[in-house]
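These are the structures in question, set out in turn.
Two complexes follow with chain A in common, the first pairing it with chain B and the second with chain C.
Moving on, here comes the complex of A and B:
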């Protein structure tokens, strides 16, 4: 007998409620699945891409049937949301077979793609099997900047074509970008482009080293003052940061710091699965993994990830009692990638968080031996920069070079000298 | 049969007839964000590994 709906509920309400309930019981509500690390682009900032023709990588990827088996196990474990990402998802010719299987299982699926391999046939297929959301990364507004970043001639036009193919079919598209030294001057133009299309746009400036230990992305990472300036240029962004800080900052109680190593949702609300079937706490964390080819999702989630998630800190650092930690993004995965140590504070993140907080005139209580706090070695420099940003930060972006007179003492470019431990070198 | 409840048996929940609610899948209403988009659009857009105990996929 068919059941008639008794009412309607907003997706926001449905999602928030379900996440709360699932998290309380440690149900894996979501999974991020990296289909392949292979990609047709050669982006200078990327943390994990490999060439399309990398046969070793291709041979090591999970087969379609392995993906389907894992999807069965995820569904049985209660998972609802799946993110497919890469590399590039369409680098695999059988991606739509995997995707269709996942759609038939009932997952709510988000696709991350650079768009350059999307054809009209693929777009038509996605109309028939509609994803929950698609995100395309824009690397620049002009072909010159876009292709300077991607390293592939013609990629700009292919990306634009994909955007129009998807929008013409009214597919749920979001545009986003990474703000790095190569394209920072076009972030505003990209936003305007997205606005003209009626599409949401967001950007991210927080680059991590590559998971193969290369620090190359850090060479194009913006400096902390550049990142905070981009915040200040956007009133909506400033308002969101203030709201965020009001809600999440200042939660550390005196003498009551958490002894948990992981304080995110990894291993509680979700997990990541890499192209070879290794399950980990998140896409950036490669320190420990569970091989889904040898075991099953239930065992990996209930035993392995539970143990990883339960790890305790081994020492108190300046991060332990930091009251602006929510604004920082420091986490074990970032610690591993930048310093080879999940607990070692990442200087770059600390610098950005403190500068952002001061530029927004937020309270930054003392929290231990921190060079960016009062009495610390970099405090004076930081406060000068914060003052300059506070006065001039909302002015539109000019060609800020390293010798800009507004920020003469913040041209120090720190590159992480530690290594990650993902390959054991 | 004594008629008394066995204290070892779990109490049953009262039966509630299943009801179906319709939910429109609107990604713009997604409450949580992505690990791969750290701090994108500031914290309110699609923030990531937030210290509220959750690291979520986009649009969830």
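Moving on, here comes the complex of A and C:
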């Protein structure tokens, strides 16, 4: 009869263990709830932002009482983790009412915000009703870069103020950024800034089209070689990629492949709910949604989302047999947004994945008619990217203190060849 | 439940001086049952989630609900023994360890002076 309370020191184990069990039983462990698409910033890369004054968007948002009803249903279904995101969560004046209701239900809540609407009063409130985690997106290290990206004068100072308001109150803050053409030169400085503050920093360079399928964010997306260069400059990131690849690459079942369209945790361990109450696999996937205004969470989860999640592939593509899939961001949502087809491989992601594998000197087993494997029609493009990577290898974009000697591609002209025998090696 | 065992438990608990102490939960917590596990989450106050998320098995959850400021440790030991059909000495050992752990973590506190 051991009675073992589990506290902070084993939180990671607790979380992993519970997620595994919940996923095995198809319990919705987590839900991402988009509070509003409205946002005071006008970031060019954003996949879903709308102006603060968009009255149609505002009118369409779930009411506070609708949010509370959905929270009741999520709690009943066994959900424990909730992520509130936007747009900007504080764009709604009643967000803290919704948040407090969620806290009282016993959810572990993470807040994604740009921070620009956080006041001392909000920060004080968060001390009393402490979130599990708060993540502020920092768009640049200098005011000029930050505001070139956000398009709003004064937003940099408001963001900085929020960071200090939260840190002064010892709230659990993480900083993160996107790496795009506008701010790529300041990602390293942002990391240093976060280090000096003693908070975790992470960044993501993989931009998606807008959820209305506008491709405008892709105009500021980095080139594949730029994305991989950023990987290579960060020892921690490289170590994580290597660990990830060792664990997951090449896990194709012998003699076959999975026929499931979705291979992520969406619809199995969690879901997304948009500002108007549409429940879907994830925040990027909007082709199929269940209207929580017309039904309840249990029906949506048990019936609708189960069916979406159980969808099978309709054809074999190069992604089907790809064994470096973990190095890639390809998923049905990306296929929908970039190609209008959940199964159509996204060329950009394929390019990045092959270049990443190439730079890390990972083998690329045969996976069908792949343009980026040796002999493929885009192999020359891949080699050009590798050449760009080599050419800029000595530059320190990330401004880390030591260069990374782990990657011969940065120091040698010789280009290693991938291992894709089906492509004519 | 063997009577001798209960007497021994009572004597032992008396010996360490918390027999009549009634513990109460400090602050607001929500008890959730997730995939068959009982998870206790702090709701408000200065305690961060990471410092105070507790996962209990069914015995722990049973005891947690008895930290109501009204039930003494002695009564909890007896209730555990009865509820889970375990020897009183086992109930006593585990209950005291559980109380000690949660008291050290600062999430329960005595609601009355011992012996009252």
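Please note the rule applied: the second predicted complex is superposed on the first by the 373 of 425 C-alpha atoms of A that agree within 3 Å, B and C clash if a C-alpha of one lies under 4 Å from a C-alpha of the other, contacts with A are read in each partner's own complex, and residues count from 1 in each chain.
Please note the rule applied: contacts are C-beta pairs under 8 Å (C-beta built on N, C-alpha and C of every residue); 3 or more make two chains touch, one makes a residue touch a chain.
Everything numeric in this text was worked out from a predicted model, so none of it was measured.
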Quiz item: Regarding the shared-chain residue A:295, is it in contact with chain B (first), chain C (second), both, or neither?
Solution: neither
Exercise. Name the contact category of A:75: first (chain B only), second (chain C only), both, or neither.
Key: second
Quiz item: Taking the superposition as given, does A:132 touch the first partner, chain B, the second, chain C, both, or neither?
Solution: both
Quiz item: In the superposed arrangement, which partner chain does A:60 touch: chain B (first), chain C (second), both, or neither?
Solution: neither
Quiz item: In the superposed arrangement, which partner chain does A:11 touch: chain B (first), chain C (second), both, or neither?
Solution: both
Practice problem: Go through the superposed model and pick first if A:237 touches only chain B, second if only chain C, both, or neither. | Solution: first
Quiz prompt | Chain touching more of chain A, residue-wise (chain B, chain C) | solution = B
Quiz item: Where does A:327 make contact in the superposed view: on chain B (first), on chain C (second), on both, or on neither?
Solution: first
Quiz item: Counting only touches as set out at the top, which of chain B and chain C does A:143 meet: first, second, both, neither?
Solution: neither
Exercise. Kindly classify A:106 by the partners it touches after superposition: chain B alone (first), chain C alone (second), both, or neither?
Key: second
Exercise. Pick out the shared contact residues on chain A: the ones touching chain B in one complex and chain C in the other.
Key: 3-8, 11, 14, 29, 80, 108, 132, 172
Quiz item: Across the complex, what residues on chain B touch chain A?
Solution: 18-32, 34-60
Quiz item: Any idea which chain A residues touch chain B in the complex?
Solution: 3-12, 14-16, 19, 23, 29-32, 80-83, 85, 108, 110, 112, 132-133, 135, 172, 174, 176, 200-206, 231, 234, 236-238, 240-241, 243-244, 248, 251, 263-266, 268-270, 272, 282-284, 325-327, 329, 331, 333
Quiz prompt | Residues of chain C touching chain A in the complex | solution = 30-37, 39, 41-57, 59-60, 63, 80, 84, 86, 90-91, 94-95, 97-98, 101-102, 105
Exercise. Write out the stretch or stretches of chain A touching chain C in their complex.
Key: 1-8, 11, 14, 18, 21-22, 25, 27, 29, 75, 78, 80, 103-108, 127-132, 172
